[in-house]
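Some structures are shown below for you to check.
Presented sequentially are two complexes of subunit A, the first with subunit B as partner and the second with subunit C.
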Partner chain A sequence: MSSSDFVSQVAPIKAADPCGALLQRCRTLVEDHELNHVKQWKAANPGAFVMGHMPIYAPRALVEAQGGLAVAVFGGGEEVDIIRGDSYFQSYICHIPRSTIELGLGGQLDVLDGMMFPSICDVIRNLGGMWKILFPNKYSAYVDLPQNFAQGIGGKFYAHELGRIAEEMHKFGAQKLEPEKLRQAMRDENLRRAAIGKLDELRRTEPHRCLASEAYLLVRAGGGLLAKEHAAMIEEFVLAAKKRDTRPRDNVRVVLVGAFCEQAPVDLIRALEKAGCDIVDDDFQLGMRMIEGDLDAEAEDPLLALAMGFIKKGAAVASRYIADEVKGKSLIDKVKASKADGVIFAAASFCDPALLDQPMLEVAMDEAKIPHTSFKYAENTGQFQVIREQAGAFSDAVKLWGQVE
Partner chain B sequence: MQTQMATAQTAYVNKEVQLTCGIDAGSSSVKVAIMRSRAGQGGELLALASQRIRRRVVDEVVTASFEEACQTAGVAPGDFDYIASTGDGDAVHMRTGHFYGMTTHARGALWLEPNARGVLDVGALHARALKIDDRGKVLGHRMTSQCASGSGQFLENIARYLGVPLEDVGAISCQSTNAEPVSSICAVLAETDVINMVSRGLATADILRGIHLSIAGRLVKLIKSAGADGTILVTGGLAADEGLYASIVQCMSEGVQKKTLVRNLGMEVKRHENAMYAGAIGAALLAAYRWEQLAKSGRLEMLLATA
Partner chain C sequence: MADRPSKDAPAPNKDDSQKRQKDMIADHFDKLSRSKADGKKVVYTFVPGNLTELLLALDLLPVLPEINALQSGMRKKSGGYIAEAEKAGHSEDVCTYVKCDIGMIKSGNIGPTGQKLPEPDLLLLSYTGCFTFLKWFELLQHEYNCPVVMLHVPYQPDGVATPAMREYIVEQLENEVIPALEKLAGKKLDYDELSRRLALSRIAEDDLVAVWESAKHTPSPIDGYFGGVYYIGPIFSSFRGSQDAIDYYRLLRAEVEERIRLGQGPTTPDGRMDEQKYRLVVEGPPNWTSFNDFWHMFSKEQAVVCASTYTRVGGLYDQGFRHDPSQPLESLADYCLGCYTNLGLPSRIDLIEKYVREYNADGFLINSVKSCNSFSAGQLLILREIEKRTGVPGGFIESDLVDPRYFGKANIENRVQSFLQMLDARKTRMINAPMRSGPAVHV
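So, the complex of A and B:
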């Protein structure tokens, strides 16, 4: 199946669909594996710095404040055949670092002037190290995210870390960081977050108007757009989706957890939807919605405010140390807030953070009597029969019997 | 406002029977069942309809089959309390909800054969064996994977090679006096076998019976691995194939004799004239059950209010 065939199945566009044109634009952006839209942006903004980053969280506002464009790199999905990438990682390592290396060596990421590797896990740390060796003329930043969440310790540390990255980006050609520009970038980032919040709210309250697979496309399409532009695109979709001629379905409402780094194939999301599940919350593409609240864009020290955004408002994910909270509490809160019927744990194969967290989260779900099921995937998984069976059985069990045995 | 809501909800719960429709959008045909029941218990079958897809757009076949069934039942599309899809739910635009094929075939089989504790669902693309309880709840299942050798599509290909209309395959197979064994491992090899058999001038009936026995052998293993016992109902599109049914019975009997099927001395394979509609019937019954659940929990109002 070609890439176009694959993505065209995500959300069949109907002629009368008021969201059709926008979804088509999103598809074009998502299918742009050569990053042509980023090349166009760069051509229109000569000398501007383009910074790639791995999934989960990255300080995108910092890049925009320095006149640059942050570009989310989600690996190669099922589109990239891994040939060279396999020689850099052992067989028991997840898929995304291999495909990222493959993309890098294949020249698809040449448009990027630098890459940020947030501290997701050891594998991404190793990938960052390899990147430095493989591409010595490009900027490679390992973003050491704090695991102490006190302002005086973690906040101070992370603000310093952000300052270091800003300085280094400047050395590689980005504009010098100025407080007012950072404040403006944070305001723009707040706009994006608010727009994504509206999108999430729409699929929570009226999932028939916005499928999870569509929301996924919309958020992912903005991986290489400026925050303001992305926010406008999402706002436009939300308005159009409210005019859609659709009817509610009697589906099971689920929260999907574990897909925060290596992304699930879009067909997998569709398989879950086809099995009768409304995914009303998930941790896909956390990079653009990791901060659960506004950044303090009017702060006197915007760098510290950017750091404190992560410290105080960062979502609870497996790669973030949870000290004072019961493991699983945030997931239970999420299930309640989204009025979900159950949880699907969907983690990438060999994803240590997700898979080590999962047993503890499952215990928490059992104690809270929340039905759950789990499976693993890889970004290039092409067969979903087993997952469809499992999701279908789960959905029916919750719907008809109220429990999963 | 609250009083109005409560009254409406009570009215729903007190409704004696629900009119529901089950639409099974399979890979080669669409089956529709219209039923009237009280929360899926008992149940009166008002209409059945089925249409083969044959290169048509599935959505259009669904609409045509639905309209045909509505006409037979003498009901209007807007009369239904709940329309449930199974199979390819996306093709059923009028659906209220969706149930998975395994669940609907289990429920439909139980309605068709109340003693059934196992289901053998043989469709165009795959086959699956289910172990069920007396409520139709699936207790265990096994399914053929990517392999085509246990599927209706394979049989359709063979019929085409032999120049036999698909609907005649079963009857011709039953005329066999000397079944010719074929590869039971791989559909590709089996198809090559068939071409060789035709070249050797073997009787069509013997070739078809060999194919049926090959498929049946795989299905019996599937039943065994699913742990199903007692009465097994064959459902799905191939349930109507009398040659396949006879072959399953034969394989099972031989399995018991050879003691490869030690657990199923009490196993009895049955079929039913409406077995190919089991998915649609099950969906219609579960729809009524679900309708009452929603009505009791107050969620039905929400579903209908925004419809």
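So, the complex of A and C:
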């Protein structure tokens, strides 16, 4: 599919839309599978380290603190043809590792000096090992996110893990980690988080001013931008969106969960919108929203502070052990906070963490009398008619009866 | 050897050690069924990274849901259990061990011996080598509403257990796991008793390693995969650190040594396999729902498995690890760190390569199971690498652990046959041109 086809299918941009130019820029960034914008950044910053990372969350501030750029790799979506990737994975494994391998072997990720593989599932974990074999000259880091949340145990372990990665990145060419630079990178991350917070607030309060598919583009577009630059772009959008001449729609408000790793095609998000759903909260690109609160950028030990951000403020996602909280509570809180009418469970096919989590969340939704529906997708799903009809029926049922029979 | 027309191939004759193991297991399930009446506390936990010595030292009774699932598979119950779980909303895409367990609970929680399993008093979530474990016990917590204690075991991406990893585990043991177990047991942990149990583990581990390494003989006196899954039973489950385990492994080792002395092979569904035409290394878990059929596909062709990775999921004793009574917690940490699926893919490949060479294998086969991303993701690269490094041909078949829908007997059998024919062709080529090793082509 050509870029212009894609643009025309995703969302119509009205000439007078004050957000039009920004959204266009976001689309270009999201579709840039050749990572040309990253290449340009690297050319402008000779010798700087570029670190790719798989979803969900990665310590991006660490990379920026070492003079580098973190680049989120979300697979190939629907545009990348899989030629080699399929010969590395059996049919019953999700799609994102095969498209990531495809991009790697096809040279589209050559600009990356390294890749981080956060510990969220066995597939990404093993992909990290494959990366070491297939790309022996690149840095490949497994990020072992702690499942123990005591500062003196899991916090200490994760801070040590971050220190190890910082040293290894340095050996591969990144700048040496200095505490003040890390504090600055955390301040920048806080700016990004605040900007995304404003965007999410706008979606919740005035979803007609910011469609979920637009918020998606805005957040995802920053996957290969410095935090500060990304924050500025989102802030600009929020200001512009408030000037939009749009009117509220009679849509149902839904929270979408389960899509935190392999991404749904943007057209699928549009299909849900067309079916009458305002997605007022979601977990697409959860990494950017993973830390629910500011990092302590003034801490004496910034490495520990970065670690503790994950430990104490990490979102309740399927790959994280929920020690003391009731399963599903966090989702119920989200539904309440966003005044949503229901929940859509959307998981990538064969996604263990999402699909194993789902039955527990569904029970929690039933108990809380929150209507829900579910479907599966793959990043290269091309047909949305069935999903659209299902979402339409869900939205009608919620509107008519408040819940689904 | 002639094919057997029966739908299910016969089980091999039982050795004394196997009868002994059966008695041990029956006794354990008896204890479990009486646990509430006897005032014993029950802890559910997982095979890789299990802390059996710690549980036994505190008089706690372990239950291993993975073992229940595989037993359900062998008893042909798993298909129904999985259907039950899927009916209750569990995805068809996820690990079937989990669904089998959930279905078993929903069907009355009757264990492998026909007795009802006691509910857990605590779930010990030792998180080693597989992310699904985390979700599995979250699901069980939902079913049972009982406490969970987590032991997060870091992964070894480079095959190195660092001091920071060890320290992290020991700190969790000291500050969270042991206090939770002590609270449940109603008593303090006696570290001398823990050390005594670890010393018992060592003895059994030595004997198990001797059994594994016996397969370096020709003919191999054991089958290190189909037979091997029986051999790991006691040490991977509730018996490590017990006198029972020592007695079992001593008996097993004696049987194996006797077979070496007599030049005999292992007992298989096709009788004793003294003549062995192919020596294989196998990666991946077996299928349990048609276990004997699966084994029969190999034994009827006189193919013996001399080493397998599945039999190392509960510990890499043959690579030198032994529990160490002088540093009990550090030793438990090292054990958890070193389980096979907790090793990065490059280390797994190194280990398989070593097995192919040390066990003088003619071929290497992967049984890729749909359920298990921990094993399966990356296996196609493992296949290529092993072929490249050793020149030994690889085979690739697909099935599942306990979901009978994914055991396509005819298809698997065809693939096994083609694979063995490929080994024949390579042997012939090597005889005709002994200086050239054959091309490695997988089926």
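Points worth noting:
Keep this in mind: the second predicted complex is superposed on the first by the 401 of 405 C-alpha atoms of A that agree within 3 Å, B and C clash if a C-alpha of one lies under 4 Å from a C-alpha of the other, contacts with A are read in each partner's own complex, and residues count from 1 in each chain.
Basically, a contact is a pair of C-beta atoms (placed from the backbone, for glycine too) under 8 Å apart; a residue touches a chain by one contact, two chains touch by 3 or more.
Quantities reported herein were computed from a predicted structural model and do not represent experimental measurements.
In the superposition on chain A, A:Met360 contacts subunit C only, with no contact to subunit B. Comparing subunit B with subunit C, the partner in contact with more residues of subunit A is C. Contacts of A:Lys399 after superposition on the shared chain: subunit B is touched, whereas subunit C is not.
Of the two partner chains placed by superposition, only subunit B is touched by A:Gln383; subunit C is not. Shared contact residues of subunit A, touching subunit B in one structure and subunit C in the other, are absent. Against subunit C, in their complex, subunit A makes its touches with residues 87-90, 92-93, 97, 119-123, 125-130, 132-134, 142, 144, 146-148, 150, 152-154, 156-157, 160-161, 164, 318-319, 321-323, 327, 347, 349-353, 355-360, 362-363, 376.
Across the interface of their complex, subunit A is touched by residues 88-91, 93-95, 98, 125, 127, 130-132, 134-136, 138-139, 141-142, 150, 152, 154-155, 157, 164-165, 167-168, 171-172, 175-176, 344-346, 348-349, 368, 370, 373-374, 376-381, 385, 398 of subunit C. Contact residues on subunit A toward subunit B in their complex (touch as defined above): 12, 206, 247-251, 274-276, 383, 385, 389, 392-393, 395-396, 399-401. The touching residues of subunit B, when paired with subunit A in their complex, are 82, 88-90, 95-103, 137-138, 141, 143, 145-146, 286, 289-290, 293-294, 302-303, 306-307.
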